[in-house]
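Heads up, the next two complexes both have chain A, just with different partners, chain B and then chain C.
This part shows the complex of A and B:
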């Protein structure tokens, strides 16, 4: 009996001694709690997560990193899901949240259970969690800045917004409006909600277009550019400068126009691979590294000269993407 | 009885009055500019709502509790399946259409199997089947946004004298559905079942067969909608059907079909579909914020239903 436990102790010591050869997080389990999977961006996000974490698991960086998606995109459902993840004893939970504040209760429970919570894209406001936020305001503002560079004389803008009531929509729109204040030669003559979906945007734009004066440019939130282009075409109007949002259909259309008549625009969005950035941040925290609570995700901007390259790397139906490595994540944490 | 009061007794008249008022308000606001274009846009987008609305109308008419919530998922699955099968080739157009319609037959059959064999209430059955259908679409549809065959794209966006050709075709479909509803044994049976299922059964109507056909019809029309919608908007996407869940029910109800069943109305569906599009256009033109828009849409729908209310069974 004594011998047995002694041997056990020896084995344990050996195991402990062997541990430093691997990363300190090799026994850690990180879960992704995701609220929605029904569009191409989210599909790409989950794929990137699978790819990067799959490799991290096989290399022994972490023990496992499964992704869980709720079926109904509802706060109650995601809160219950987080509670399940707490009970299952994950070391870290990475969240793309259905609501910035309604999940705070569940997030607090996770923190109290000693779990590292990292939210990204759809962030949570609970102070104990880390936030990898997108500067959506800036994403709106850069569009108008770009237009100011292209059209010194200004002109009429049509704004296509996202899904009403979602904070991302409010932020991007606020950014666009602040951009218009900065460049008063532009005027927003119409505003519709395109729900980040090509067909919804097409419908909304087709509806409002007949009542609008000539539109020089369309500011967008991504996913809606191609629909806008089609609505202008159907109405027999000249194609304005439409800012794109990195979707494959938008880039394809841009490429066709560029080849046909030298059409020039820019495209900006967030790479779905930001989920992998969140994964590495969670891993770094578990590793005991010092990570500030608020981080900002870099944009993925596509310009006239790197359009072909970006399009080639984007799969049909998808969105332009980059996956992050640990080194990339370290750079973001260092604020570079 | 004067012509006006006769007209006012028609349940569909209110949706047309509504669309006239909304259109006039919009055109007044723009100073008479773009009135025709707005109507033309309403016709081309209203078409899709009409297609699914017709199917939903038959389902709702079979009586309380009958509703098809799997329409959005069916649209997405049928659209993506068809686009993938056709792969942008004109030669595959017919194959794509057949695949799309078969997808509707499968979903409709499955819905009914859940309702009949497992005795699940239609709302739950069609909602849960819609999860399965959408998951299939997600699993199958990686690499979406395949361009539709040029012939399909041209057909769905073609216009004659500024009237979308598709709208004319769907107007024909609506007439056919009206005949189906009012002049065939099937349609009469649907109305009878909706008024009193037990009485219909006692009268010798094959109630379950009729319900089966009704869910099948609804799913097939949703598939057809997915097919043409994908052609119209340059490819299928996973969330392309999302807005048709509420819209399909709303146009049925606003169009004068009784939610309690047993009383259906085909012309009203067209009126309601155009009304819904023009309503959003009007509020967009006024520059109303999304919140105001949603509240107004809700209030106006309630108002139209209240005014158009009154429950006289159709014989």
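This part shows the complex of A and C:
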């Protein structure tokens, strides 16, 4: 009897010792306010949130972490949604915002009510909120850096851009161009808009190919690599080095080429699981940790040696994903 | 006395208010925290621009037209408000007056060429959106401080949105329902021929109604940026449907000049609260828009029931 209760006491002490940092937030409630769920990336983002927060709730890290998505991608709807979340008394609101500026009124109200606001992917500019931004410029620049490592003598590049007029497209493209400035042995000989979609990219590349000299490499924005490869094949031109964007079809094609002829490239994009990084950042802030207001998401880069593993973990039609843990979040906050 | 209270006419007039009360009661039951100055203020803030847009739509519906461009128009005025009006007030005011004049001209065009308003306003919705994108290519801008101060004002005892909604409803009610010219304006929707024979200019009436719609569209855009503090060309795309639903929920009819300003404002409040209600219920986002539609259908079905007794 005595022995049993003693063991119980020991187990309890151990459990407490194992999770000292978690005790403070066990009663806290964190809500996700999401503006859009209409593509595979967003679906994966919500799934990751559900998986990671579900486990966090069952482990007692936080009391509750539901996700709310507005029916249509509208600023006014999301602002009203945030106001309702304030009323429901959540301790933190994690936001993927419909607009960087137009939600500031509602975000400020949340801050004034003592709520921690963490924005990610679609960030908000209101100074009282935390921002987990994607360094899209860097995402463009790493591609050219990689090419410089592979092709010392340089060569002609074809650039596939995203959706015209969208901020992300401008940023990635600016990164690619700054990379080319840094490595002047490369020259961009053509540029088309692939709208981050295979079919659009294939059509656009097929249209521009006849006017181009030999292309050594294709720099992309994700979602367009497979279409580019198909266009080169259809035109009967040698397949250049195409940077991929972590989509399942892109990785599958890469794997086939790798097995067939040792094709070598790299793939880079943002993991939808960044929502879980935002969750842990919110939890850390609630826990009283010092967290800088501006953080940067690391990209998810796939290389020749971890291709098989990444492909196996990616659902058909989906995007390679990674879910973050508290330790990962701590590393991001520490700036590692 | 009792028969009078229970007459179809009285029931019909009471329906918008009754739906609002039922919805409010349900919200207070689910989320008692909402039953406070702070809570009502938060939930109803965004009802003010929607109410103004609904009144704008009501002016157009009163003369048997339909305005499919009010949402993008509100987005345009919001964009002007957050850019020109803030940087050079004179130019901003001129641009907003220009918007109202453009609306009046639209009314004149529809009357003059006898065009279907749905087609003209649908076309114009793209024009408004295009101009808004030219003025404000990426979301941003800053709302002028005085608008933010007006929208953020804290009144004693009664939250500002409720007072604002009451003022909007009463002012429009007095002008449109109680004044002699208001009766003529509505008459143009009920029996245009009779009004024309009586010597009133139908062209002028249509222009007045469209100018009034434009004016309230401007007010809607300005009140909206007072809340958000920045603008986005797409900020009010949903308002087209909200405003039509608000007018109908508030007891208006698509034809016959039968509208109610008080009902329209109540309809706008009801629509806004539906969103809060569904979030408080934690209904899955996939179902929310459907549930919103279901609430609309329930109210309209009740009205059809009353109407049958009326006829």
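The rule is simple: the second predicted complex is superposed on the first by the 314 of 336 C-alpha atoms of A that agree within 3 Å, B and C clash if a C-alpha of one lies under 4 Å from a C-alpha of the other, contacts with A are read in each partner's own complex, and residues count from 1 in each chain.
Rule of thumb we're sticking to: contacts are C-beta pairs under 8 Å (C-beta built on N, C-alpha and C of every residue); 3 or more make two chains touch, one makes a residue touch a chain.
Only a predicted model underlies this, so the values are computations on that prediction, with no experimental measurement involved.
In the overlay built on the shared chain, the residue A:71 is in contact with chain B and with chain C. In the superposition on chain A, contact is made by A:37 with both chain B and chain C. In the overlay built on the shared chain, the residue A:105 is in contact with chain C alone; chain B does not reach it. When the shared chain is aligned, chain B comes close enough to touch A:207, but chain C does not. In the superposition on chain A, contact of A:87 is made with chain C only, not with chain B. Of the two partner chains, neither chain B nor chain C is touched by A:177. 37, 71, 165 are the residues of chain A that lie in the contact sets of both chain B and chain C, per the superposition on chain A. Against chain B, in their complex, chain A makes its touches with residues 37-40, 43, 71, 161, 164-165, 190-193, 195, 197-200, 202-204, 206-211, 226-227, 230, 234-235, 248-249, 315-318. Put simply, chain A touches chain C in their complex at residues 37, 66, 68-72, 74-77, 79-81, 83-89, 99-106, 108-109, 165, 167. Taken together, the chain B residues at the contact with chain A in this complex read 26, 29-30, 33-38, 41-42, 44-45, 131, 134, 138, 141-146, 157, 229, 233-235, 237-240, 242-243, 277, 280-281, 284-285, 287, 290-291, 293-294. Interface residues of chain C facing chain A in the complex, by the touch rule stated above, are 31, 33-34, 39, 42-43, 45-46, 49, 137-141, 224, 227-232, 234-239, 272, 275-276, 279-280, 282, 285, 288-289, 292.
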